[in-house]
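One structure coming up, written as structure tokens, with questions to follow.
First chain written, first letter: the chains are A, B, C, D, E and F, and each begins at residue 1.
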Amino acid sequence: MQVIEVTFEDIRRMRVRGAGRIARAAVRALEEYGLGLDVGKEEFFKKMKEAGEYLKNARPTAVSLPNAVNYVLVNLEREGQNVSQMSVLKEVLKKYCEGFLKRSELAMEKIGSIGSKRIQSGDVILTHCNSEAAMSVILAAHMQKKDIKVFCTETRPRRQGLLTSSRLAKLGVDVTLIVDSAARYFMNKVDSVVIGADAISVNGAVVNKIGTSMLALAAKEARSRFMVAAESYKISPKTFVGELIPIEERPKEEVVSKEWASRNPAVKVANPAFDITPPEYVDLIVTEYGVFPPQGILVLFKEVYGLSEILNQ
Amino acid sequence: MQVIEVTFEDIRRMRVRGAGRIARAAVRALEEYGLGLDVGKEEFFKKMKEAGEYLKNARPTAVSLPNAVNYVLVNLEREGQNVSQMSVLKEVLKKYCEGFLKRSELAMEKIGSIGSKRIQSGDVILTHCNSEAAMSVILAAHMQKKDIKVFCTETRPRRQGLLTSSRLAKLGVDVTLIVDSAARYFMNKVDSVVIGADAISVNGAVVNKIGTSMLALAAKEARSRFMVAAESYKISPKTFVGELIPIEERPKEEVVSKEWASRNPAVKVANPAFDITPPEYVDLIVTEYGVFPPQGILVLFKEVYGLSEILNQ
Amino acid sequence: MQVIEVTFEDIRRMRVRGAGRIARAAVRALEEYGLGLDVGKEEFFKKMKEAGEYLKNARPTAVSLPNAVNYVLVNLEREGQNVSQMSVLKEVLKKYCEGFLKRSELAMEKIGSIGSKRIQSGDVILTHCNSEAAMSVILAAHMQKKDIKVFCTETRPRRQGLLTSSRLAKLGVDVTLIVDSAARYFMNKVDSVVIGADAISVNGAVVNKIGTSMLALAAKEARSRFMVAAESYKISPKTFVGELIPIEERPKEEVVSKEWASRNPAVKVANPAFDITPPEYVDLIVTEYGVFPPQGILVLFKEVYGLSEILNQ
Amino acid sequence: MQVIEVTFEDIRRMRVRGAGRIARAAVRALEEYGLGLDVGKEEFFKKMKEAGEYLKNARPTAVSLPNAVNYVLVNLEREGQNVSQMSVLKEVLKKYCEGFLKRSELAMEKIGSIGSKRIQSGDVILTHCNSEAAMSVILAAHMQKKDIKVFCTETRPRRQGLLTSSRLAKLGVDVTLIVDSAARYFMNKVDSVVIGADAISVNGAVVNKIGTSMLALAAKEARSRFMVAAESYKISPKTFVGELIPIEERPKEEVVSKEWASRNPAVKVANPAFDITPPEYVDLIVTEYGVFPPQGILVLFKEVYGLSEILNQ
Amino acid sequence: MQVIEVTFEDIRRMRVRGAGRIARAAVRALEEYGLGLDVGKEEFFKKMKEAGEYLKNARPTAVSLPNAVNYVLVNLEREGQNVSQMSVLKEVLKKYCEGFLKRSELAMEKIGSIGSKRIQSGDVILTHCNSEAAMSVILAAHMQKKDIKVFCTETRPRRQGLLTSSRLAKLGVDVTLIVDSAARYFMNKVDSVVIGADAISVNGAVVNKIGTSMLALAAKEARSRFMVAAESYKISPKTFVGELIPIEERPKEEVVSKEWASRNPAVKVANPAFDITPPEYVDLIVTEYGVFPPQGILVLFKEVYGLSEILNQ
Amino acid sequence: MQVIEVTFEDIRRMRVRGAGRIARAAVRALEEYGLGLDVGKEEFFKKMKEAGEYLKNARPTAVSLPNAVNYVLVNLEREGQNVSQMSVLKEVLKKYCEGFLKRSELAMEKIGSIGSKRIQSGDVILTHCNSEAAMSVILAAHMQKKDIKVFCTETRPRRQGLLTSSRLAKLGVDVTLIVDSAARYFMNKVDSVVIGADAISVNGAVVNKIGTSMLALAAKEARSRFMVAAESYKISPKTFVGELIPIEERPKEEVVSKEWASRNPAVKVANPAFDITPPEYVDLIVTEYGVFPPQGILVLFKEVYGLSEILNQ
């Protein structure tokens, strides 16, 4: 159980961070733990399940953690059910763990490869914040020598758009930086908005950096496409049972200087980190498994992570 | 002609600035000039017209300048036509000039008084940038002891929202500052968006600070009211004959620091100062003459400044 | 002044009721009063104005009262200005008062005649509540032998739809009564919704029986036309200066029986008498002066009642 | 076969009524019948199928009846296929029948628990008619001490809103009763409309009490959420093969008194009991198995009741 | 009266055709007739009115004819009222007739000059049918060396788009011909749809070649501008009093060959010549007097042709 | 392997054409080939896979070809996995091949039977182009003696609407032919648009004859239903991994005569054969397997053709 506990602590103390890295750490721990177990089949399943549940509690709000754990457990049970030899069962465990790890490591590349097929030479793209998946799509299209033009929003308050525009420009993409509120001014010339996701809800609603839903609305108004690029483990299993994804309220100092705030104590500052884009404003969600309509994202979830745990709760 | 020339220079060299102040300076000049003329009726009309046209050229892009001049000339001709005595004619001139000056000086107060009638106790208001007219409406409602709550957007790049929130808070209004892109996040709780205008087009389209049209779109989506507060001389007469209102492109240094720009020379920055809100997203335009539907703003213009000059061109 | 005082009391004590009747009573009083005045021109204007203002206070919330009074005063001043003989001036007064009375008495007929031109044989019509003007349009079409079919909504809580359906059926119209909430179910087969108005706002928003705005929304969704039939004096002059039309809250006993209410004291009942239909859901407003787009209703008001009083306040 | 016949008669003669009760009666009958069968495996499957088909005909329009029967048969075949011992096969039957019965009995509670997670303290809710599932959501939120305010529509013609408001008020919920047509008047202040369903179509369209679709339209217009609460067996399998759900036309006496009707024989009364809300107006469907986007409801159906029978017909 | 009769016959027998030519013929006749009259003032007005009414009947469905006649009569009465000398009165007549003729002959040029200001270099334009006014706008922009690209629809059944594309291409414009139903395919790249009008309704609805309203709908969906170019005398005065503009049904042979029709006698062919574009899909109407919002077109009508005749009917 | 090669050539050289015929030819070849194989299980699977992949390359853009091949391979593997006897394995192959062939041959009939259930007596239908599946729905409703009325669009440039109207009329359907651009003129009277598909994208977007998306837009505007009729093998598997369906550009001679083109060399002609209707404008997709919401079409694909190949790529 040691590897499980160590990983638990690594995740809990945020020594391991980022949706992808957390997911992979958990799967690696389960693999190592399971391969080392010297018990019978029934006990094996029981212990794996316990380890999984334990790991999930390391960071209860992380979306990718329960998905990664369930992926291993669900597939282990499905394929392992009719297996009687322990060595074969461990092979099954290994196959799925290695599969997950490989997929996850290649996820960004896959998303870029799939999403870039939907970008055509001559397209004007708008992106927001600094999403690795969205940039993967844009850069794949650029590397395919497609002639694209990209608008990056500044993304107040933390101005991640400066990072995005800087990186894209250095790689040779034609980039224009604009303030967030100028998006509608340019939207009529934009072919596709390409954007990442922090979490995806069961109904295809997308939780992403504050301002995303306004871009989606402006894209809809101008008949511009709106494409979300995200790894499959961003789908939130808790939303299947009704839970709302909590929206983090961040410190006011991101918006105004401490000095200004102290001179204006009566001015309140609200600083939500994310907003929610409804599915009717999303054309497609691009994942490492392919392209899905927002209302069909639960089919992907079912295929990869399984709905049975949810349906049977 | 001296007063005309001096005023021309004052406006041209921007010693007199602001839509209201420019308008009043021109009218004062015309009044002084006209009262000092010692000529016959026909010559009087001719000279007044010349002086007016001359003044208009002091700053060809100022919306309020031609309106103010036309106001005097149109009314002088209309009412002076059947007057034969020069002393009476000068009285007519005086009446309209003084009338304009008084109206103009009271415009903000009037707009506040009229617009605030459409705000009810319990309302949540959202405003953008730092518009005197919009604040006049909000403060009038506050002074009437209506219980209101105001969201101020930061208004990148120049962050005029800090001025607005600071001033409203100091006057006791319950104010919350948000980044521009958070507007849709809060819009469902907003009753009225109250906003100023830099210019109003013949069809009721509103030219205002970049980001305004996105707020209007989000307000429409959430069935929140969208009220524009502006003095009547913001209506652009040139749009009646098809001209587009030019959108100023401002320096990139308002968006990124010089230092960042020099480190990222390949990143272009687009910084349009205004955008255009289409009339179908505007519920009402509040002026010092009352409330108008956007598509009816030309009726106000006709009544106050006259359409004859436009129709006869 | 006696006739003015008597009429004031008649209106105040609601011995005279209904938008049309109140308007005509006020005009008749002004006519009789003016014709009996034995004073000079200046005094005549002054006294007429006083009488008018006095009458307006008989019922401050009646929309038609100030319109009727202003109609007389505005036209009297406009046409009487250059008249020097008192007998001629009184002729002017008489002309406008008689004109108003005749127009007003014929208003319903005119509205029926004008509005029915927009109904074609084979049309399916939906109406709400029990509006004399809307029925005038429907009956005129029926009398022209057009083959129409009418849906009447029940119009809770006072069920005026029973009166409407009963009257139309007795006159031979093909009528179907439905509950209010069934309107969308049938809307896809409806060609025109025809409806009255309690008041019309400067921007073309229509205040009418609760439920009207929902019908307008459902009509818009199904591309059915939405026609408002109303006399011109239903346009509210106060809305030109920003005032909101107050929505009457009526007794809960209209919704539930006293007995039920007493058994359920914790259940609150909200019973607003009217709602507001925004102009973008209204295709046309039919008045006794012709047809107007909602956003152009202020042009009608200006022509008939004059904007000058409003603009000069 | 006796238990099957008795249950058939109970359902046919409406001694057993209500979607849930009918479903459970059918499953109980199948369980008892199957456990009592003393035949070989092949014959067992054949007889169970016959019994199921027979039961389905007891009330061909009931949505829950075929779903319940299919649930048992589909799972029995899936899991029983590779079973050779009859005693084990009967265990399988028992497991699924007992599972269904338990799920069904707990469905309301589950729906309340899941749906209430999407209601936040401070929310204003609107409900229509007298849906057990919708009330379960509202009451669960109330029991969790969330500060909510509820509008109940009267729900003409049968005025079930009086029952709903009365019950909620007695349990301490802050309730306001309104007439159906006042819904848009209050909608801008409503956060969530919560509503039941009589049947759900394959594409996510919701058949519910007349007026529901108008509320959904008004909710969409005001960016209010629209949540449907319904047990999974409300999904109509016949709609998968194109059938329309018939809309019951109810007696005119529900709308007008017999006496009024006899005095107005020419007035037709149309009284459809239900209308259809299109999926684009529905945000979420809450079932006892979790939350689904309307266009994804077929995934739930497939998981629980199986699509194979439909696909193979 | 001879000139009146000759002109009447010329118009009636369609020797004079086209909205502009009919209007000018009528005005020329009224001028010649009036200048030749040797009667007193009262008789002069009476005879002019008679001649005008007579002329109007030459082609009752022509929109421009009553407008032209009314223009002369209304202005004659307005300005002639206080004139006592017949020679001066005839000067007034001459002034307005000549003014009208000159305006009308220059109308296309004016419309081109005004409308082209709203086209910017780089714009993509789509036009339909073969409208002189729309082409005037496009060609003016082209002559101003603006870099534009034009899509011409074929315009079935009479394929006027071939004329338009041929003419524009010969004048050096970059033109692409497409079938009518391909408009939405290209619309997302179109900046402005520019189109003519056969008639304009009081509420700003535009009657134009079949297919126009579908283009307007597709333009709205894609946030492309929709500009109507039309002379002011296309505004239909009859629509002010409720009349619908009749839609001509043209012969089936325009759609299918006689031979095909005879082989398929059971196939009906419907061939309406025009459709109606609702005002909410029209951004601007460009006339020779300037630019108007569709709902403000009645202000133009009032200014030029006068509403008094309509309001006093 | 001979049968595979022959079929490959037949498809490649377009001796076999049409989505259905291509699919069936491939399945027949696989069946014959497989039944003739005299190898062990492992080799059998390997050879079948090779043959399938080879066949897919016969016409890489055909949508139905890879679907048909995958159908056989996926089911063979799924059901054959646990089979040890070769004779049984061949039975499995035979079962699925025969099943596919039968399904495919009956697909049109099934689609007609299912889709016609959604058409009611009294309905007005509009169809475009000459789709066998759409006509199957219409004719099935007609054969069921439902009283329907059909509008056929001409469908420029190739005028397939003449074929459709001719055929429907000969079978006794009440048919009216209209030009494509008249669709919105009649849409308000249309209950259902019924249309075929050339391909369906993973997100439910429908690729069909140019003009389809404009009809869908006009149907949405008028609350008319929009039903797509298509065989399940029209779902494009490549869109699951992001590929766009290429839109064929056809010769200009379909639009203008060679002679006209040579006289107007500067006029470009754009002639795209298809356009794309977004899923939000599609109510239902009717297939031979039943009815699906556009966003749920991937569930059908998964059930019939399997997603595993896509997910595992």
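As a convention for this text, a residue touches a chain if its C-beta (ideal position, glycine included) is under 8 Å from a C-beta of that chain, and two chains touch if they have at least 3 such contacts.
Just so we're clear, the structure is a prediction, and the values are computed from it rather than from any experiment.
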Steps needed, at minimum, to go from chain C to chain D via contacts: 1
Touching both chain A and chain C (chains): B, D, E, F
Partner chains that chain B and chain F have in common: A, C, D, E
Chain pair with more C-beta contacts, E-F versus B-C: E-F
Centroid distance [mean C-alpha coordinates] between chain F and chain D, Å: 35
Between chain A and chain B, centroid-to-centroid distance (C-alpha), Å: 46
Numbers and ranges of chain D residues touching at least 2 other chains: 221, 280, 293-296, 299
Chains that touch, pairwise: A-B, A-D, A-E, A-F, B-C, B-D, B-E, C-D, C-E, C-F, D-F, E-F
Parts of chain A lying in touch with chain F, wherever the complex brings them together: 113-118, 120, 280, 283-284, 286, 289-296, 299, 303-304
Chain B residues touching chain D - in the complex, by the definition given at the top: 187-188, 191, 221-224
Chain F - residues contacting chain A, complex: 202-204, 239-244, 278-280, 293-296, 298-299, 302, 307, 310-311
Residue ranges of chain D in contact with chain C within the complex: 151, 153-157, 162, 165-166, 169-170, 174-186, 210-211, 213-214, 217-218, 221, 255-256, 260, 263-264, 266-272, 275
